[in-house]
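Each of the two complexes below includes subunit A, the first together with subunit B, the second together with subunit C.
Up next is the complex of A and B:
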């Protein structure tokens, strides 16, 4: 039922109460009048709030109906001259007590689960009915209720003493049953589940006040043998009607209203649950978040063990599944047709099936999300490992090519150079100038080839990096750079091969870019190691505007740095120089 | 021989140990050095070099840095420990810059890039050592 329809149902009583407040001279005490009117409102409000938070529960409609019945006793004041209205108003007043009792023993679920509770409510209904019948049978106009000229059509007993005793006895019986209902409500506090107790406290407090006051008033009247006399010594003072009204009439509705506001809606519980997660909702956070969201400190979440039967907690420890009891039960969480978790929770959760569904859906999402996150992290880890393996394989291949060049072509060319030199020595002055010139040109050409081959091999796998480490290798790079270059080093010994190679190639590529594109006047290289990181910076004062798009050398550097588990950043605004920064983890 | 004409034969036959794993290179070095009056004996790896020097201590050793079993720096140390007092020169297809720090702290007396190897560079380096 929508909120609008519920409000529509409640509207007449609100209109009635409001209008009757403004009827002049019908109720001499304005404060008592206001208290009386507001009590009905509170009952209706408590009913509407409960209705909206526990749609399936009957407590909400009961409380709204109780609000209507509250005003039965006031009908006389509104329609004092209308036929038998005063008789009905006085005879049927107090019917809301039955609904209050039912609500008190069933809040918030709306079901009277205990035989004792059902018996108490039934006894109260019967006492009420008996009292009403007795009243109609004995009530003499002008004595039992205001006379408007209409006789009591149901009047059968004319013995005044017998009539008074009968009604007072039934009133006492009704008061006693109400007191019993109040005590049963207190007992609920002791026996009901933890999460229910929280919302029950204000309801039971108000209900107990209502029950005790009802009993005292009826007992006092019975003791004195007079409706208008009361047991309490201050009952006839001017101020007493207000607290009497408040306790007898308003305490229980106020308790219901407070309890209704304390009821969690499925939405608010889910919001609390979701906001209880920090970042990714992982298993370790699920149980405490659920406990907070549902107000159930004993709640447990168990997961099916991966191997074979059994259950594990969030830490993966094998845990026995506790037996369901009167206070706790288990709700399986299904995903894709299989049980992914079981929530052991307070039975009171079942009083709101919507809440159970919402929580189950949220938990299922959290578990699915965690599994997806774990799968994604595993894939990411595999991708990182794969990228590192690719870089390692590429490095190994570069080393192999460098070694092949060194052992093969370079050695042959060096041997050839020695042979040419020996040939020149052998020829001596006997050879013609033409031959000596040709020989000399061949030697020069050969040395050029050797140098180029060496540079190529050096670019593939710098020996100085392998032999002497990152500091000397970068210093040598800086020394060969045509642009004036300063080097700031803060290194402590050798680093892992992958880290040194990555840092070296960042500097080498950076300096190559400076030489080719930057038109810089100065370059600064910084290598700072510490706290498990190596910071590599190449900064120039050139024209900036470096391209980092796919396919550029910088893109390749970024990939290489990422493969080493680091981060790469390029700042290169036009006219403001270029700054390459690689942040590498050194603990490999 | 290191005084006067650098290309002139040595006044007395100095022994020189050439250590390199490339046969062609060793052969050419042997011919070059013998042409200039040195008595040459060879080794193809580090262990062979140290064993050879134990039997006959050379006056000079030319050690390739990159050897199959150990590098030239380790061989130089082994030769020194074996009692060799003469000059030890490291040779490599790489440049001196590549080994800068290790050369400085090694037992060798100098370094010559193979691309620059000639009787002139050898005698010049020997004169410096």
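Up next is the complex of A and C:
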């Protein structure tokens, strides 16, 4: 039911209650009239709030209906001349007590869960019915209710004393049942689930006040044979009817209103739950978060054991699943047709099925999310590891090729060069100029090949880096750079091969870029090792404006550094030089 | 610089793990009139031979078993430590790496050289290098010197004249004033003048001894200061 529709249902009684503020001259005085109006409001408000927070609960509608019934006793003021309305008004008054009793014993779930509670409400309803029937049978117009000229059509008993005793006895019976309901409510506060205890407290306090006052009024009337409480010394004062009336009528509704406002909506519980989640691991915090959000300190979350049957707690310890009892029950959390967790919670949660399903959905999302995150992280770690392995393998392969080139092809070429020279020498003066020129050209070609092969091998795996380490290798790079270059080294011994190779690669590529593009006057290379990291910096004072996006060299550097688990950063504003920084982890 | 047999035949030991190349080197040296008194395939063999024979010169491949990187540099240091300057040491290398070359000659203080392997096929250069290390001179491969001189545009270097740069290059190769004069076709006196000018322009301490002079020049070239 929409809130607009609920409001529409309550509208007549709200209008009626408000109208009471303007007709105090027909009533004893303005204050009593206002009290009547406000009590009706409070009942309806408590009903509407409970209704909106617990849509499936009957407590809300009961309280709204109680608001209607509250005004039954006042009908004769509105229609004093209409037929038997005054008789009905006086005979049927107090019907709202039944609804208050039912609401008091069922708030906020709307179900009378115990036989005793149902019996108490039924007894109250019967006492009310009996009292109403008795009243109609004995009520003499003008004595029991205002006479408007219409006789009581139901009048059967004419013995005044018997009539008065009968009604007063039944009133006392009803008062006693109400007192019993009040005490049952208190007992409920002691025994009911912790989760609902918090909201029950104001409700029970108001209800108890209502029950005690109802009983006292009826008991006093019964003692005195009068409808007014004479037990208390101040009962005859002018002001007493106001608090008496307030407690009798408004204490319970006020309690309900406070309790209704304290009711947590499913939405607010979910919000609290979701905002309570930090980063994973989720399992460690799910149970406390649910306990907090649902106000159920006995709540447990269990997960299916990964291997075999059984359940584990958040620490992975095998835990027996407790049997469902009167107080606790389990709600499975399903994801993809599989039970991913079970929440053991207080049965009182079921009073609000919306809450349970919202919580279940939230927990499912959280678990799914965590599993996705874990899977993603595992994948990412594997990707990183495989990237590092690929770079490592490529490095090893380059080293192997470098070795093959030096020990194979290069040796053969040098040997061939020796043979050619020997051949040239053996020819002596007999050979023609043509043959000599040809031989000389072949020798030049051969030396070119040897040089190229050497450069290739050096590019593949600089032996100075492997043998002497990063410092000498980078210094050698700097010495070869056409742009004046200063080197600042703060290295402590050798580093892992991958780290050295990556750092060397950054410096080599950085210097190559400076030579090609930067038009710099000076370059500074910094290598700073410490705290498990190696900081590699190549900074020039050139024209800047280097692009990381389509400069494949810088892009390749970033990839290379990332493969070593590091971070790469380029600062290159036009006119302000270029600065490459690679931050590499050295601790393995 | 001729292919003619040297005035003095030297007793030489060769260490290279490549049989092919070893044979080539042997042929070249024999044609130059030297005596090959031993060949070795690795550092241990070389040390044993040197200990028993005491040759005039050991020609050592930089790259030998077991790691095939720079074992040659270590073994010549060992020989020098054991036998002093009596044995000239010439390292043949595939690496155009100034660091290795300059460190080697700096440590040896004369009677040592670093030559690229393919120089063996240039008997003039090779014979000259062998003779010089035997004579206690320092030899740096012209390719290494060229790579050290390549970063042009550095302030003090830019102040040198064309002729002074040529002298500096030969100076860095470890040559004497006489040799420089012969190569450039100028008088030894003129070479001396150029050397003084170079040292003053590069703000180097004057050095009488040829070896010290080479080391000073190499130290300057290796430095990254501008």
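Convention: the second predicted complex is superposed on the first by the 522 of 588 C-alpha atoms of A that agree within 3 Å, B and C clash if a C-alpha of one lies under 4 Å from a C-alpha of the other, contacts with A are read in each partner's own complex, and residues count from 1 in each chain.
We adopt the following convention: contacts are C-beta pairs under 8 Å (C-beta built on N, C-alpha and C of every residue); 3 or more make two chains touch, one makes a residue touch a chain.
What you see is a predicted model, and the numbers here were worked out from it, not measured in a lab.
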### Message
Going by the contact rule stated at the top, is it subunit B or subunit C that touches a larger number of residues on subunit A?
### Response
C
### Message
Between subunit B and subunit C, whom does A:463 touch in the aligned arrangement: first, second, both, or neither?
### Response
both
### Query
Which partner does A:443 contact after superposing on A: first (subunit B), second (subunit C), both, neither?
second
### Task
Could you look at A:478 and tell me whether it touches subunit B, subunit C, both or neither (first, second, both, neither)?
second
### Task
Applying the touch criterion given at the start, work out whether A:486 contacts subunit B, subunit C, both or neither, answering first, second, both or neither.
second
### Partner chain(s) touched by A:137 [first = subunit B, second = subunit C, both, neither]
neither
### Query
With the two structures laid over each other on chain A, which partner does A:410 touch: subunit B (first), subunit C (second), both, or neither?
both
### Query
Does the superposition put A:258 against subunit B (first), subunit C (second), both, or neither?
neither
### Task
Considering only touches as defined above, state whether A:419 meets subunit B (first), subunit C (second), both or neither.
both
### Query
Intersection of subunit A residues contacting subunit B with those contacting subunit C?
406-407, 410-412, 414-415, 417-419, 421-422, 425, 447, 450, 454, 458, 463-464, 467-468, 472, 476
### Query
What part of subunit A is in contact with subunit B in the complex they form?
406-407, 410-412, 414-415, 417-419, 421-422, 425, 447, 450-451, 454, 458, 462-464, 467-468, 472, 476
### Query
Of all residues in subunit B, which touch subunit A in the complex?
7, 22, 24-25, 28-29, 31-32, 35, 66, 93-95, 97-102, 114-115, 117-118
### Message
Going by the contact rule set out above, which residues of subunit A touch subunit C in the complex?
### Response
403, 406-407, 410-415, 417-422, 425, 443, 447, 450, 454, 457-458, 463-464, 466-468, 472, 475-476, 478-482, 484-487, 522
### Task
Please give the residue numbers of subunit C that touch subunit A in the complex, ascending.
3, 18, 20-21, 24-25, 27-28, 31, 63, 68-70, 94-100, 117-118, 120-123, 147-148, 150-155, 222, 224-226
